[in-house]
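The structures come next, written out as structure tokens.
Here chain A shows up in two complexes: once beside chain B, once beside chain C.
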Partner chain A sequence: MRKINAVDTILWSSGWISNVIIIAIIFFLFYNWMPLFRMVSPIEFFFGTKWYPTVVPPLYGTLPLLVATIEISLFSLILTFPISLVVTIFMTFVAPKKIRYLLKVFLEFFSSIPSVVLGLIGLSILSSYLQNVFNLDTGLNIFNASLMLTFLTIPMAASMMEDFIVSFPIEQVEGAQALGATNMEILWKVMIPGLKGPFASIAMLSMGRIFGETMIVLMVAGNAAIFPLSVFDPAKPLSATIAAEMGETAVGTSHFYALFGIGAIIFFITLVINIIGEWVRIRYEREMRRS
Partner chain B sequence: MEFSLKIENLCAYFGEKKILDSITFDIPSKAVTAIVGPSGCGKSTFIRTINRMNDRFENFRASGKIILDGENILSKGYPLESLRMRVGMVFQRPNPFPKSIYENVAFGLKIHGIKNKKVLDETVYSSLKAAAVYEQVKDDLSLNAYKLSGGQQQRLCIARALAVKPEVILLDEPTSAIDPIATKQIEEVLERLSKDYTIVIVTHNIQQAARIADYIAFFYLGKLIEFGKAEKILTSPKEKLTNDYLTGVYS
Partner chain C sequence: MKRFLVVFFFSLGLSLSVFAFNLVITGSTTVLPIAQQWAQAYMAQHPEIRISVVGNGSGNGIKALLDGLTNIADSSRWMKNSEIRLAESRGFFPFPIVVAYDAIAPVVNVNNPVRNLSLEQLKGIYEGKITRWSQVGGPDMPIVVVQRDNSSGTHEVWEEKVMKGALVTARALTVASNAEVVRMISQNKKVIGYVGIGYMESSTMIADVAISGIKATIAAARAGKYPLARPLFMITRGIPNGEVSKFIINFGLSPAGQEIVKKVGFIPIYRLKK
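Presenting the complex of A and B:
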């Protein structure tokens, strides 16, 4: 029989403890969610278009919250991706070496700004600016939240993109150079096509980051549970709903169970995003491995 | 005899370290010139200086002249892109792009603005044929180049270099990463190509140089020790160092 030493035991048990904790979290979410369906039908919960938890009888339609979350996340991702790419290209191909180093430090620094600070900027500066420039009823809306989430995500996305571009196989870069390709041609015709997989997984990871972010959306999305139509509408995303309402909800009420349901929805969507990201990455690595 | 490249007093440095020391000789056109010598003698640095591949290293510096068509390609203003169109290169390890076979060969043409489908098709076919890989891949040119064997990949890389119609082809130990049969195929390709192209090949394999080279340049510790017709260098070298190397005193 194999001898089991202390290190084995520690590794083995920490691995299993983390599995058990995840399963416990899932169980806990479901345990506090399922009683809701004794009072509200699943169809109403998932597809209802009105979230009025404090009227009598309360309405627990999560669709407007989900739509708000998706709108904010997609809009933010659409902003994040190209901006990060431009930052990365500037850092790796355009900027002189000294500035590149400064920029990298700046990016690291930027990524350490707490989201509550970004929320504060959105709340106090950007909102009044938006309100005046676009002549809106409120500057706290999807646009504001997306912009602030974009600032939150760019450092992470850009720094990952930079890692991939810097570590791009030098043989392929030289192969293209030897054919007379310029740096920009190498970037667009060799590197970016070759990095489709990693870039897709960066998009997924950014999406996961944006999706679960609470503080910013709580502060600047407008906190109005209406069905958002334009990006200048205020909205109430899933995560902000839990944060805003959990404090004033009595344990064991339908509202309490409904908020756990929202937690479960966030959990599953994030899980799916991460699984897709992993899958894309693994598929890319398999493709890149030479037979 | 005609010469493609005239090397005059070429010195090259990485930082303070002198890698090439006053290399002077002319590379004959439409012939195979083999650069031989023990490892670390500057062979690779030498051919990578000819198409200025070393420029990407910040501490690299070269002095002297490499004359192509009356112009010094080492001069600051010399356009790198057109130099590399005229002087193609094949590397030690096959390095196709992770694209289809067709896209690999068409890459050089496309970045130089050729879009005409007919021209692209014809060049891709003729390049693949010249590199003797057409027969094996003709059924599916959309196949990813990574699916090919190492030898096929290396011939694809030769085809890719040929597609931009260079005058000179540099090869940096092109067969060191592939098997003997594929090596033989590549040597045959190079012999055929030498009728139309100037070929400069770095090799650490004397037998290979004996098989394919018309001329041999022997490098030692960054210096050109001897240059001449292959038979002459191999059978009656003038320098003792060359003789020692050929007889295997050091390698």
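Presenting the complex of A and C:
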């Protein structure tokens, strides 16, 4: 048996403490959400179309907020995925070794840009640009927010894609080379079909990252609680609602509970997205081991 | 292990030193500049006193006061009935002191010629019933409505004095600070918004709109003629005494303190001698 010393105890207890804290957070979310349903019906909370928390009587319809979040996340994912793929392909197949190293460093540097800085760029540069170029009523809209979220997610998505391509089974690559395939043929006909699983998991994990991101959407989405019809409409996402309103909400009011409810919605959707992502990844790894 | 203990006690000491402040002020971001400048000037006069000033919203300030975590709560609104009842149930009576006045002014871009609106027109615009500038005597372009987030004190005053129970259109863009309203308006000709009087000088690209001919001026606000003026409070636990009363009453309400109020862009509670 291994000797148990002080370091072991510290590691063991910190592991368990973090578990307990996570469970406590979930409990806390529920504990502060449930009293809402004594005042508002669940149907109104989940399917109501008006978010007016400070009027009398207050209206807590979260549907437009949820739709806004989903729209922004999907649009941003649609932008993120192909761009990351192109970046990855360039890095692994096209760029010479020296530039490849530089690119990798640059990508890592890019991923360390805080989201508030990206928000600031969207707010002060991109918004007035969009306004003038497309003659919009406002440059703070879904398009702007999605674009900034895309910049936030590309480094993560691209570096994960690169990891998978680099660690692609060498036998399959060599087999294709033996059949006379070029690099591009190997990429399109062998690697990408073979990496469908991990790429799906990357998409899910990026989605999870985008979904809960707060600072950027708070700054550039425009925060108008409507059902956005085009990508140039403003929108009010779930996370931004909490950030904007929690500061001045009195504890124990229905508004306070409703904001915790929004937190719980984000938590569950992110959890489901991440579980699907992990599940896809694990299934793929098992398949690879079997073959 | 020894090293670990040293680090542990060092960090413990650091976290405890937070409690070494003589005065803690928490609350409204509107009142924050006043509280900060007062604290700086007061600490310069009394080097033995340490004051911590935090701006996290009126609601949070009052919450901290109720929980006994702060000596003074800054607030840009009256306390709510529920908050007063909670304070009483905890055995003290909150004591609000008016430290300054603030006036909220509707603002537009300087290139927008509209300079005068009635309260009814403002209400119509914010309700979404008036959607083009041409309907209120301006050029033919859509009106883009900007409001503060619905938990800011400024928004609450707007809702009470302009909207009078009507809903602000859901299409209104919502931003989190006065400075951001100013920034949006200075970039966009179609926008209307509202800011505290202290922010009107912060950009040359914005112009204030008079309400039925009355401009948001210090004199009009103090005389009660301007319809969108509000008092700013510092709230204490019970009647202030000791350092709290020295800070607010002996210093803040003195001409020196009120001079600071004027300097940071708010309206002093009495006319200052030249």
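The rule is short, and it goes like this: the second predicted complex is superposed on the first by the 277 of 291 C-alpha atoms of A that agree within 3 Å, B and C clash if a C-alpha of one lies under 4 Å from a C-alpha of the other, contacts with A are read in each partner's own complex, and residues count from 1 in each chain.
The rule we apply is simple: contacts are C-beta pairs under 8 Å (C-beta built on N, C-alpha and C of every residue); 3 or more make two chains touch, one makes a residue touch a chain.
Computed from a predicted model, the values in this text were never measured in an experiment.
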Combined model on chain A: chain C and chain B, fit or clash: fit
Contacts of A:41 with chain B and chain C, given as first, second, both or neither: neither
Contacts of A:127 with chain B and chain C, given as first, second, both or neither: second
Which superposed partner A:193 touches (first chain B, second chain C, both, neither): first
First (chain B), second (chain C), both or neither touched by A:138: second
Spatial angle chain C-chain A-chain B, Cα centroids [nearest 10 degrees]: 160
Dominant toucher of chain A (residue count), chain B or chain C: C
Touched partner set for A:19, first chain B, second chain C, both or neither: neither
Which of chain B and chain C A:177 touches, first, second, both or neither: first
Which superposed partner A:185 touches (first chain B, second chain C, both, neither): first
Chain B versus chain C as contact partner of A:9, first or second or both or neither: neither
Least Cα gap, in Å, left between chain B and chain C after the two complexes are fitted on chain A: 50
Set intersection of chain A contacts, chain C complex versus chain B complex: none
Of all residues in chain B, those that touch chain A in their complex: 51, 53, 56, 58, 80-85, 88-89, 91, 93, 95-99, 107-108, 110-112, 146-147, 157, 160-161, 164
Contacting residues of chain A [partner chain C, same complex]: 6, 50-56, 64, 123-124, 127-128, 131, 137-140, 218, 222-226, 234, 236, 244-253, 255
Contact set on chain A toward chain B in their complex: 97, 169, 171-172, 174-182, 185, 189-190, 193-194, 287-288, 290-291
Sites on chain C touched by chain A in the complex: 1, 56-60, 62-63, 80, 82-83, 142, 144, 149-153, 155-156, 159, 165, 167, 170-176, 183-184, 187-188, 190-191
